[in-house]
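Shared chain: chain A. Partners: chain B in the first complex, chain C in the second.
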Partner chain A sequence: MPITIIAPKQVRHPYDAQHDIASDSSSDVDSDDSIAGGADLEGDISMKSRPSKKARTGGAPSTASKFDIVTPGEVITDDPQWMRGHGTYIAPATSSIISSVAGTVTRTNKLLSIRPLRARYTPEVGDLVVGRIVEVQAKRWRVDVGATQLASLPLSAINLPGGILRKRTETDELQIRTFFAEGDLLVAEVQQLFQDGGAVLHTRSLKYGKLRNGVFVAVSGMGGGGGVVRSRRQVWTFDAANDGGQIDVVLGVNGYVWISKHVETPEGVIDKTAGITNMEENISATMYSSQNDRIEPETMREIVRVRGVVTALVENGLRVDEDMLMRGYHEAVEMALVSNDGQDDVYLGGERGEQLAAALTGI
Partner chain B sequence: MASTQHVLLSPAELAYLHASLSLTPPIRPDGRTPTQFRPLVAETGILPGTNGSARICFADGTEAIVGVKAEVERTKLSRVGPADELEGTRLVGDVVEGLAGAGGTENITEKEEIATNGADWVELSVEIPGYRDDDAGTAFLSAMLAEALLADGEFARKLYINRRFHWKLYLDILLISPPLSYPLPLLSLTTHLALLSTRLPRLKSEGDEDPFFDDDWAAAPYLYPRRKGDSGKATSKPPVSLLVMAVGNSIIFDPSKEELAVADVALAVSIGEALSSSSTSLGKKATTEDAMNLDDGEGRSLRLLSVRTIDPPSRLTPPGVPNATNSAYGAATATQKQPEARTAELEAVEGVWKAPRGGAKPLVMAALVQKVLEKGGVADEVLDALDAVDLV
Partner chain C sequence: MPLDTSAYSLALLRVDGRRWNELRRIHAQIRTQAAADGSSYFEMGHTKVMCVVNGPSEPGPRRGGTAAAAPGGGQSKDAEVAVSIVVAGFSSVDRKRVGRGDKRILELQSTISSALTASLHTHLYPHSTINISLHVLSQDGSLLAALINAATLACVDAGIPMTDYVAACTAGSTSTYAANDESADPLLDLNHQEEQELPGLTVATLGDSDRVAVLVCESRVQVGRLEGMLAVGVDGCKQVREILDRVVREKGRRMLQEGTVEKGVGLDEMDMD
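And now, the complex of A and B:
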């Protein structure tokens, strides 16, 4: 079946009950709230529904908790006993707490905060991120890390070939594109933050550098329980099922994920350079390669399976970390065994993803 | 030709994607089979103020809504003489055939004049967030969708009221999510559904008098009439445009953005159902009656309406640098003055991305079209699946 069409899920409308009350109480409603009558030609929402919204602002957020999602500008409460937390603000000269993002209200004792539905990544020093070069400047790269601003990677913050502690020269500046060019993916660490939230990255470790031999998947939105969370291990290698060999996973804290074939230190480089005195130097040379190694179809299939698990987790609002991903992967392998196409079936979209998520949360 | 959006992918990613998609069977990054579409959520009748509307949402988050509005418009005829009825209707029939793009050379001037009007009977606007209305890509998309619609041949006839009036359809096609992938299949499927659900008020007047309509919406007939009986399926269908691409020897349907970025060839193939000879008689009423006589059992015969090549973004991607010439790889390598300038001319190295060059081979194009039109193939199943969507 090449195409699956799913009927839309019934959306629970939080304001439905209130709309009814509003239209009952006021007889001079100019446009029906019940929609069946036709489109609202003025294009604006009936003003009559506003008072109902007002009605609940007076109360404590206990009323608000019935309505899960708040929108920017919505008054959560005007009771002064509450303290404002993240995602809220207090309008000047009032005591009402207003939401500044779209999200769900959470209460911690007397602290009110909003967990955003979608949020951009906020860099913190020490975060491991996966980024994509979008701009090459004279002495630095601008890197997309999914934050509000592009991060910058100075030429002085990378391992230059020919020695880990070499000083950068003018030749390096001229050849800046041979290290990273536009579109290249890299894994790096946040070294420093600017006042405005912009990040400065560095790749001065053998763990970091250009990415190859695999696929990229961007997992956006960290709110709502889904997405990549900061955890103990962001990078790991595991043995794939079905003769897939070893697979590396890099979970960038920013929600960019890289899944690739695990490559041992390539022999070619060691042969080429004369002395093997400086191991680090040799490995660092492979850092700027954009040539893929030979990858077996079995490995590719398992890489796709891992990618499918990541997207299925995100689509179903589950967090993505090592534990979940590995459990999901083993579950997916099991699921493939019972499917029609056998173990080669790596599709995890649509219903399969929901099945997978159900199996994971059910345990 | 269309300018597809530029995608930023690293040469290593492109090489990997190309390698995995060229395998037999291809391994797609989202695990789909070559002919599989992204799962989608579809509903119709979402906009109460329109004659027909639909919404489709792909699993990757791209979403489109289409609204169809109809308006009665006076047909511009150069000569509205007291010509006999039969000829008048025949005239429009000819015009409709002329619209089919057959390029009728025997057309007299008068017919051509109406033919241009016929194309004006549909106004299609496509809106893609972040793009201007007159952006080349947007204009191309709307031209492609309109072309498929009119190439159907039958479409203008459906809008015919009488010799002086006709329906004018306004199709508003809105992509309401950022264009994460080339939106043609999404927009086309949504338009298809919206047109399927479109109803026009029932005509009460007769002949060439000023038209007036039954104000009972429940009695309004569908633009694409239904079969009687339990199936309730449409007797004829709006066209549907599918995006097909080829990488190496693999033919892939509904490519995602990443997949399109390594395509050798990408085609937009518009298909419709072939007209049966009985339904070519004129007037909507006649068509409806004929349609009712058709039995459910007969197989569908597909008809190719148009084929357009889409310029895949792969041609604009930067080539990868093989390790042998990479000055940053291995300290010993001699530095060249302009390393990038040279790489484009290199031989293909395994594992290094090289953008496809040259045009599409006729054999590949033929294979792509063949694959779409196959009996019981993708197009068949897509049309069946869309037919199964509940119409509100």
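And now, the complex of A and C:
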């Protein structure tokens, strides 16, 4: 009985759908050649000069659709009217702008730049960031803010205890570790940038300073690809459900998030005490403390729930901002009510996270 | 175990059934590790490699008093590309322990590091380090090529600017050096068995161009055969680049559909104003 050999079916990957089958078919053509005569050098040369069947986007700028991304080495335009921005370079001795990262094209007037699909945080002046001290030097701290370089926080850029506008002294330099030590978390603002992209932070406001009473989450920040986005409000307080009390959320633009129990704000202190000098004394006592206040189990549970919402948003590729987080939180509270464990169920990973994301995107 | 090279001239098929210019099945993924800045997984036949990129980031204070800072990092004007390769004990047939100071591994590390340093725009990240950590899960020839491809993909995922992809593959020749057969055919993408028996080289090119970024030849071969091998290798690199590019584009398209990244602007819309 003769055996029939059925030709194998072409396995089509989903991503082949939009691309033509040029690469597949061309390799078939090559292998057909080889049946005839094996490898001769002429054959190799013809392979080398084989015309690329895939139309290069750079050759015809009009084909660059808004749904497309560009990848490294792709010519964006040959037109010399454009200026090159971040994520691009100009090939030597030509005027064509070439992409150097994988991402989407953006433009500001005549400036072409590529927003990468994902990259580390790039600081900008005025950004609110959450950071961690990694090194203490003589007159400054080095802070990890998730950027390509460590940010620096000079001693002169913090609120010294005993008066906001006090001049710093040598005594302060000697006891620099009493303000911030290695591993401490803080919230700060980017004050200026160095030429090479390094950031200088400051905490000269009562809104900024050391963080305690809460939990830290690192997600991807500005720079591309989901995570925390720059928005109107990065810091807010809300009333948690299930007797959780008030909870503070700090969304650092760098993707570092701080969720903590709300403690009385300085404004609240002003109302109770007589003068501004009193206020300063009160604040300075607690400003650089690393000791947590008492946190009720209910508050802890709700803090963990907010944290679960943040990670679920990131895992499902959604942006993290006040609106999404608050809607996600209320959705999570509802989800916990119908689950078996009741309000103690704070798990938002896996399927539950997908469920949450689906509820938020309205699909 | 000698490779039966006499069979090739009969059917023009290699030991694993491929023709002279066929690549093995290539499978690649990016963003496999959520915690890393960039990550990838790359398979070339049975050679399987995982890559994780962290950085560019500035190393913190060095603990333990190792004051001898690595050259390139620290206060230099360019980022340093630090490559570390871990070969799993179960990756090859014989379970050999490969130490960290193994000379072969060190050479692979420095080859990959210099190849990527040339393509990555390291001048954008002063005093920082790009840590590339590669894990070899399974070996079946063309190890260096697979490592380079995985590292390139992970760097693209990490969003580190680069001139172009560095795509690599190997090429060989159908008869041994001793046979002195000037008319031997070149072969593309050697597997482990062929790599043991036949002369071969690893070549990596920069993107679509013919610019060779890496060329490693560790075996003896007549110079007359070299040209054919190189031509086949360079062509293979272009095929590999297409595959890598497709993986990145597919990932990007999916992210656009999910709304994780904002849509870009088409150039034709730009022409309007």
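Just so it is clear, the second predicted complex is superposed on the first by the 230 of 363 C-alpha atoms of A that agree within 3 Å, B and C clash if a C-alpha of one lies under 4 Å from a C-alpha of the other, contacts with A are read in each partner's own complex, and residues count from 1 in each chain.
Operating definition for what follows: a residue touches a chain if its C-beta (ideal position, glycine included) is under 8 Å from a C-beta of that chain, and two chains touch if they have at least 3 such contacts.
This is a predicted model, so every value here is computed, not measured.
By the touch criterion defined above, A:73 lies against chain C but remains apart from chain B after alignment on the C-alpha atoms of chain A. Contact with neither chain B nor chain C is seen for A:335 once the two complexes are overlaid on the shared chain. Touch criterion met: A:307 reaches chain B, while chain C stays clear of it.
When the shared chain is aligned, chain C comes close enough to touch A:120, but chain B does not.
When the two complexes are overlaid on their common chain A, residue A:155 makes contact with neither chain B nor chain C. When the two complexes are overlaid on their common chain A, residue A:83 makes contact with neither chain B nor chain C.
With both structures placed on the common chain, the touch criterion links A:134 to chain B and to chain C. Once the two complexes are overlaid on the shared chain, A:104 sits against chain C while remaining clear of chain B. Looking at the shared chain after the overlay, A:286 reaches chain B, while chain C stays out of its contact range. According to the touch criterion, the shared surface of chain A, contacted by chain B in one complex and chain C in the other, consists of residues 35, 38-39, 41, 134, 315. Residues of chain C that touch chain A in their complex: 12, 19-23, 31, 34, 37-38, 55-58, 60-61, 121, 124-128, 156-165, 185-186, 206-208, 210, 227-228, 231-232, 234-235, 239, 242-243, 245-253, 255-256, 258-270. On the chain B side of its complex with chain A, the touching residues are 8-13, 15-17, 19-20, 23, 27-33, 35-43, 47-50, 55, 57, 59, 253, 317-318, 320-323, 326-332, 335, 339-340, 349-353, 378, 381-382, 385-386, 388-390.
Partner chain C is touched in their complex by these residues of chain A: 14-15, 18-19, 23, 27, 30-31, 34-35, 38-39, 41, 44-45, 47-48, 52, 54, 61-62, 64-73, 76-77, 87, 89, 98, 100-107, 115-120, 134-135, 142, 144, 147-150, 196-197, 223-226, 315, 317-318.
Contact residues of chain A toward chain B in the complex are 1-9, 35-39, 41, 132, 134, 161-163, 171, 175, 177-179, 181-185, 210-216, 268-269, 272-273, 281, 285-295, 297, 300-301, 304-305, 307-308, 311, 315, 345-351.
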